[in-house]
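Since the structure comes first, as structure tokens, the remarks are kept for the end.
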Amino acid sequence: MVFITRRERFNAAHKLYNAQWSEAQNAEVFGKCANANWHGHNFDLLVTVKGEVNPDTGFVINLKGLSTLIRSRIIDRVDHTNLNLDVDFMQGIMPSTENLAMAIWQQLEGEIAAMGAMLHCIKLVETENNYVEYYGDRVL
Amino acid sequence: MVFITRRERFNAAHKLYNAQWSEAQNAEVFGKCANANWHGHNFDLLVTVKGEVNPDTGFVINLKGLSTLIRSRIIDRVDHTNLNLDVDFMQGIMPSTENLAMAIWQQLEGEIAAMGAMLHCIKLVETENNYVEYYGDRVL
Amino acid sequence: MVFITRRERFNAAHKLYNAQWSEAQNAEVFGKCANANWHGHNFDLLVTVKGEVNPDTGFVINLKGLSTLIRSRIIDRVDHTNLNLDVDFMQGIMPSTENLAMAIWQQLEGEIAAMGAMLHCIKLVETENNYVEYYGDRVL
Amino acid sequence: MVFITRRERFNAAHKLYNAQWSEAQNAEVFGKCANANWHGHNFDLLVTVKGEVNPDTGFVINLKGLSTLIRSRIIDRVDHTNLNLDVDFMQGIMPSTENLAMAIWQQLEGEIAAMGAMLHCIKLVETENNYVEYYGDRVL
Amino acid sequence: MVFITRRERFNAAHKLYNAQWSEAQNAEVFGKCANANWHGHNFDLLVTVKGEVNPDTGFVINLKGLSTLIRSRIIDRVDHTNLNLDVDFMQGIMPSTENLAMAIWQQLEGEIAAMGAMLHCIKLVETENNYVEYYGDRVL
Amino acid sequence: MVFITRRERFNAAHKLYNAQWSEAQNAEVFGKCANANWHGHNFDLLVTVKGEVNPDTGFVINLKGLSTLIRSRIIDRVDHTNLNLDVDFMQGIMPSTENLAMAIWQQLEGEIAAMGAMLHCIKLVETENNYVEYYGDRVL
């Protein structure tokens, strides 16, 4: 079993805001992340896949194919968008880094299985000071 | 003459859109940067100051003071904002990286002179693949 | 279960020196790290926390709260200090990166549990070429 | 149990090419990585070792010793070489990042055990956008 | 006058070897960089352009256009190649980082002028520890 | 004229403290940098040299030679030391990043001239958020 990771990047706007709450409560919990007119980030998305190495290619998965998959399924839908308004697979979901990582997992898991490998981890880096990792439903 | 640089960071939303133009023209020139619902970035702001070294301190400028200045004059006004809507010193200005760098220069030049040093360069990094540098009106 | 990591930084002096040993033995084992007058590093501290995502906030833990905790419990006590002389929770402990990581775990584990999440990993980066990870007493 | 990681670097040429295949098949699977005249990379090799902390030194392993081992066993044999032609322990093996990581594991595992610690992970970074991790035969 | 920089990347093999010299002289001057079977690098190419800001766009130059130019004129011809053998504009030139930077300048200078801006600097990063900058024939 | 830069690194302790001043004045100006028991940093030293390219080698300067020079003249004297106490060429000089950069210039300028090139810039990076550049006495 070998693990291979591909990084792709996207730039997006979002805000953290719970419409069930008062302004004061939003301000208290989310601070400036609740700014009504949005803010944004450069996100780094790292997709880790695991599997056996194919003896003919030396590959767990063809990285060019993995890159194409991540771009078509994720990057093309989130890059230069507003995560609260523009992304179909985030409709009705608070666009925290945690929720976004889990939603990306749902988008990719089956597709990577169809390529003969297994999705292991979605790592989403929001700033140089914080990132989220999601490993699916497996107990860790 | 010694040069010293302080880095501060901010996260903001923006779009590049010229209201004098048709949608088609905006799309052609600005591409996905014109997305109506905004997108965003993590910006790195590097402020380079020059001057003589004070023999009592070994400093061109007190970095703590420089950091406080950059935060109060710039970061507090642009961080977690929408550069098109929320920033007073960007009103009516296309928020390209170039224009933002020049506007930040205007905000800081006099204040740094008042601290006894000279502003040398504003460097603004928008993504790992592009950045802008502005050195004021000096011919280079 | 989602994992979220917060990075904080500190700068400190230390030396690696075993007072039970001869100078020659210290020099042999610790080399220039035993320099009598100390040396120092920029340390990166990465604290990884795990837990369920709160449906109201989209958060495993409030990162602002986690940052405040790490700063008050760790950074304020180690930043711009001498790790051998100035840090109460390192008294009598060789300030290797390994021991420092384990000591930081002890300081944070209970506090993070009190915030409703679980400490997963302390990663301490001493230089661009070496870092330590500690996951508590769990067998891995 | 504490984990410590040492990074070393090397620069090498290689190509991905299966001599059992037609040119067309090589081009389809490996793309420009099959270029007949080679291409190359700056590789980052991260070796993670685990063990108990020695109370006399505060060390899992002496990093200077680990660095010397990695350099003599790996770096001196792969740095400024052609991975297809020049490296004895890669003879007859497709020099994909996956295979190279596994081969490095074989070279280091016993030597690190002889130093009283356990090899945990070989991480090999080929570009800023992809890397491989190998944890040995352990089921993960 | 504002400066804007675009980064692109390529991976290539090369060797430093003077055919006029003996093996011993090559070994003495170029060391392991003269390895007969080549070695390679991940190169970062940073192209800095200067000009006035267009009031309609806020741009010195359209970065998408600049990226397309750099890719078509440089990256497509050097990426996944052997710099000694495969690159037309390097025929008969020792592929040192210095010479490569100057050759890239020759390729781009006129094209960038045709886009209404001025090429200011070619920066070529060979490893994390060394890079070259070329500013054309201007006296500095 | 081409510019080439070599990076070397060192780790050192220091404090900023003016013995002519009261404790209160030191605390006010230098803050926690005046901590009596020192603190420390990982320093990155970037030495930029300029010159004509030698047609036989493609080099402005032999980088291996430049690296050896920087290590013997600077790194061996500052690495794993206390900049206030242990470094002969810093005796009686406040070890601010500014002063250290200027002192390193003095150490290297003549030696690089003797190698047939010209020292252009000493850049000294103290943390990810601040660095100093010194270009000698030239008016800029």
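Think of it as A, B, C, D, E and F in the order they're written, each chain with its own count starting at 1.
Keep this in mind: a contact is a pair of C-beta atoms (placed from the backbone, for glycine too) under 8 Å apart; a residue touches a chain by one contact, two chains touch by 3 or more.
All figures in this text were calculated on a predicted structure; none of them were measured in a lab.
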{"item": "Graph separation of chain C and chain F (steps between touching chains)", "value": "1"}
{"item": "Third chains touching both chain E and chain D", "value": "none"}
{"item": "Chain at maximum distance from chain D, centres defined as averaged CA atoms", "value": "B"}
{"item": "Candidate from A-D, D-E or B-E with the same interface as C-F, over half of contact pairs in common", "value": "D-E"}
{"item": "Distance between the centres, which are taken as Cα means, of chain C and chain A, whole angstrom", "value": "28"}
{"item": "Residues of chain F engaged with two or more neighbouring chains", "value": "128"}
{"item": "Chain pairs that touch, as defined at the top of this document", "value": "A-B, A-C, A-D, B-E, B-F, C-D, C-F, D-E, E-F"}
{"item": "Chain B residues within the chain F interface of the complex", "value": "1-8, 48, 50, 53, 56-60, 62-64"}
{"item": "Interface residues, chain A side, partner chain C - complex", "value": "16, 18, 20-21, 29-31, 93-99, 101-102, 128-135, 139-140"}
{"item": "Parts of chain D lying in touch with chain E, wherever the complex brings them together", "value": "9, 11-14, 32-33, 35, 37-42, 79-82, 85-86, 127-128"}
